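You will see two complexes here that share chain A, one where it goes with chain B and one where it goes with chain C.
After this line comes the complex of A and B, so read on.
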């Protein structure tokens, strides 16, 4: 415990308006939403002599609302609350699944969707899902509101396109066409309380004649930010899911990601299992190669 | 009213559950300072100078270097080669150099960034291979801290006559103890100049002995008190002596109480780990499966100082054959120096390393000679009267065959093997499934003449008020010591166990019953207090005519034997059973008084897409002698197995230039409840005549078993032969891609 509470300049606004004002006046503040990541830094003493803007008391941007064209998830909605929401469960089952594998139950209770997105870890568990549902991130500051496509929000590891003194207000998830084959798969370092080695989400629409109408597939922990498999998606469109086409899509996976060797895993493993996951998702009949 | 053999509750359970138990960081001392440690940023070299930032206001701080040590700059243990603070020479990363204390914890940490040691770097030796190749000569002529040879019969001639000769190499990594409570010690000086040390530890008298040398104080001027300790697993066997020395030095210089509490990163990166090892087997086998010759080589990585390595090596070598009889055995073992933080004690103490190799090698032998590995084990397993590699005759309490058969039956091993072999042929299944088994032995108590040298003393006392107190320095570190001690004594005296109290492990109040290690607490120390209780009973009966069963009655009886004193202690000393003989020069004879035996069957599946291993079920049967408290014994078995599953599948310490890279619980992966399978546990009770109420050791045995069983099960599932722990999905992936 190297954190020194006395040395931290702590701002705790009670409304969104006050928060935007405080942030505007102190744009160098670190924002605390659920605190599940920030408290680790606090413990290591990394917040000593810094400003912290605690927005966790703000009520306006918490909760899930169903809209005509989708659902709107307030930035301060905890992963646990998202899982329990009926609209999310009905229309966006992958979000529910992804929220249920973030950290452990304690982290799901405290950690917020907005905080997770703003933190911009390459390993965010919900990110591939938000990528394939083509979510929109709504931002707010004293200057006003704007929106970014989810994929445009990230700039790199722990880097976003948030402007100074700008907060995430909500995340909008538009309804997508019915009848998709779905996939969510987190491969972590263990069964819970784990950071992903790779995390995948997929939506696949296949026509009655067996040709692919659309594939959306995204991977986390495989590059500096979450990645859609642009090349593989384009390639497979209009094709039947024969073995050769599936193999080619798996081969193309490599072109859109660039995983690394680190303490959690290896590049070789991350590529191999991502391809395996994509292969079994696309294959009409799952098949596995024996070693 | 038999107290032994009942499942009474843990004595300290309620206070731990309610959060009222006080760990060392919960104590406050008036004027207390918080101490931190400045450590080396290189693996090997010389300290040129230490620069203290001149712009920093140092007068608020207490600063200690090696020059401030009044006595010997050593952590006294076995070889006494480890300095308390590096003076000139740096031998491993994160070696302590400077101590700083301040009344505010974060200020003390801040000061560390204003110290800079300048080094003359020397090329380090970082692995077993580099040390063997004498990349640099660091210790004696050959970089070996210790070598041990065990020989029985003639390996060469037996090998020449064998129908098969099977060779294999096996590797195991470091492992972190990962106790819940990090290391922590507080120290202060009394007005009369005596030193008091309190904290989280396994062995108060080890700390006591170490402090005497550092501070040049006599026995009675040092008092060591163990506070509630959140786990040890060997990790608090030797290192608390280091921290106690540091806290004491800061207290001496500042004249105030000083507390040093490591955070998780420092604890994991700088303190001891399990010894990594390479083990090679060459085995001569007859057609019918009889083992004819075992030629075994054990190489361990001791880290930068000898510390406990000689005894870890000894236990590893003594268990290297597995629980099998073989007429011709040679075990050559060596512990090498490397420029990495010293490796120390960890549950199992060398045995999990060599038993992993021994048991997995049985699988290899079975596949080479075309025999079922269970049959191979049945053919060679220790039976009553069997002779071990050191010539020890197993005279009693040999449950090896029984635990094997019970495990096979309970786990439905044979049926499941068949079932899973069919399952794995179906390419539509998203997993491969496998069953694996392992059988081990574990000697309880110190090795060879260790218990004789220790000459442990323990006892019970009777007070004026009619209270019976247990007097030992054996520590409660989560395993149930206090509970079973109360049971043993109350059983011997035929008293309700609530009438038996446990004295605090405080060196000013209790005799030296030896360290809390080596599965010796119940079997050895428990035996001492049982004897002491019987002596007390006899004394009371002599004086009072009978042994009263009430507190009032005991108080009346006490009055007759106390002669006005407030209490009388009945202390007994360890006596070697007559039949036990050990020759330390030839390394032969009775290595341990008795062995416990354990078997595990693992049922698991491997994901075909991600190569993740999911444990479906685990069955274990263990012969631990009579169980004083079977609930607590089962807790030891389940806990030890879980720790060993971590060793087998997840725990992967990554080192770079000798520094641990994943020194946090976020990236050093230990299993959670979600990773741990349902466990089916059975105890087999083969009583041991010299154990209290027939008990043997249980603490370490479970740690030895799962590794090889997991590797065997993965082998069954995937057809891959994995000989190195941990078996990470990445390794499975690499092997699949290589094939």
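After this line comes the complex of A and C, so read on.
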């Protein structure tokens, strides 16, 4: 079945205040931002007779703003606009890279960061990066504002901790220490427009003497939600990146993820490729200049 | 709902359901049937049109989001009698076979070319990554685009 346009009750507030009001009065409505997730369901005829709250006209939550301690990306900022932003490119290059692999240009021009996060797909490509940058999700409703650590935002597949009639307002990315070696890697069936089999992001700080000061490593598509490799990160801290230590970190990777077999890949392949990515990231760290 | 939009340089006022998809409005209300629907899921790019110059999938846009926007479809390029040079290039280079992907491919390519995109095959392929083609194997399409970019460069040098 197709979407039947006449069956939709459509709300299109022009400001954040009006949107919160409308959402408060209609908590059963579906929020529409760029529509690149929602409209797929609509086209399949799954959303007939629903209320839709189109937030795409709200100016206040679109665009990137520089803060003292980082940048603030409005929920409605499209992936294409994030990539073009000078502050993002300079301070958070992994975000730029992640946004550049979300679908093709058509999807990047329309799809928003807020929509990507709220959709809570296990394969959201921006998630590992936001996890290692330790982003903060800012939420807003008629009742007021609150903030959640990025890792605390997700509850499960397609499930978030958003309360009824609450919107994502923005995502705050705090500056991290300079001199990190960094990694973003998406593994899909084609170079573009493919849902990830695994998607990885890493930041690594190594001291003058070669010991690891800090590792942050996150994986998507490897569990119901994005995962930080808590065990491996803890293990490698303070160690030199010798072969045995790297191998042990790769072995520990398994403890923090739980990938599945599905149409895109198998559990085994996902584990193997993720370990390979972690291994090469840690091994090469000795030889590469830190940017 | 009343929505004012510009389609291929013509000002239009749409009156009707806000949740009608842009592709259906183009094809049904304005008889611009050049824009094709392939998948209806955002995957294939056959429905690509330009909104304020940016390529987007018209199958994923409710017309209510298009108030005040400038839309360009494949009909804005050329007509059968007088083809656009990009369309001629597709013909010459074999960039079109069955043709279902072609309107969307042309629009993505035109967005790239008209903004001064480079002739590097890897970058062209990235610009066209949201457009699937089951016939040509892409190489002929990329060649069609490279030809035009190089021609335009030559012209601007001699000007």
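To be clear about the criterion, the second predicted complex is superposed on the first by the 282 of 291 C-alpha atoms of A that agree within 3 Å, B and C clash if a C-alpha of one lies under 4 Å from a C-alpha of the other, contacts with A are read in each partner's own complex, and residues count from 1 in each chain.
FYI, a contact is a pair of C-beta atoms (placed from the backbone, for glycine too) under 8 Å apart; a residue touches a chain by one contact, two chains touch by 3 or more.
Since we're looking at a predicted model, the values are computed, not measured.
Asker: Taking the superposition as given, does A:3 touch the first partner, chain B, the second, chain C, both, or neither?
Answerer: both
Asker: So in the superposed three-chain picture, is A:24 touching just chain B, just chain C, both, or none of them (first/second/both/neither)?
Answerer: neither
Asker: Output check: A:192 vs chain B and chain C. Expected answer is one of first, second, both, neither. What do you get?
Answerer: both
Asker: Between chain B and chain C, which makes contact with more of the residues in chain A?
Answerer: Partner touching more chain A residues in the overlay: B.
Asker: Go through the superposed model and pick first if A:63 touches only chain B, second if only chain C, both, or neither.
Answerer: A:63 contacts neither chain B nor chain C.
Asker: Contact-wise, after the overlay, does A:32 reach chain B, chain C, both or neither (first, second, both, neither)?
Answerer: Once the two structures are laid over each other on A, A:32 reaches chain C alone.
Asker: After the superposition on A, what does A:277 contact: first (chain B), second (chain C), both or neither?
Answerer: Touch partner of A:277: chain B, not chain C.
Asker: Quick one: classify A:13 as touching chain B (first), chain C (second), both or neither.
Answerer: Neither chain B nor chain C is touched by A:13.
Asker: So which bits of chain A does chain B touch that chain C touches too?
Answerer: Comparing the two interfaces on chain A, one with chain B and one with chain C, the shared residues are 3, 40, 43-44, 104, 191-193.
Asker: In the complex of these two chains, what residues of chain B are touching chain A?
Answerer: Listed in rising order, the residues of chain B that touch chain A are 104-107, 109-110, 263, 265, 427-430, 608-612, 614, 650, 654, 661-662, 666-667, 669, 671-675, 718-720, 729-730, 733-737, 739.
Asker: Can you tell me which positions in chain C touch chain A when the two form their complex?
Answerer: 1, 16-21, 40-43, 45, 48, 51, 54-57, 59-62, 64-65, 108, 111, 125-131
Asker: Using the touch definition from the top, list the residues of chain A that touch chain C in their complex.
Answerer: 3, 5-6, 8, 10, 12, 32, 35-36, 39-40, 42-44, 52, 54, 56, 80, 103-107, 109-110, 191-193
Asker: Residues of chain A touching chain B in their complex?
Answerer: Per the stated touch rule, the residues are 1-4, 7, 40, 43-45, 48, 104, 185, 187, 189-195, 263-266, 268-269, 272-273, 276-277, 279-280, 285-288, 290-291.
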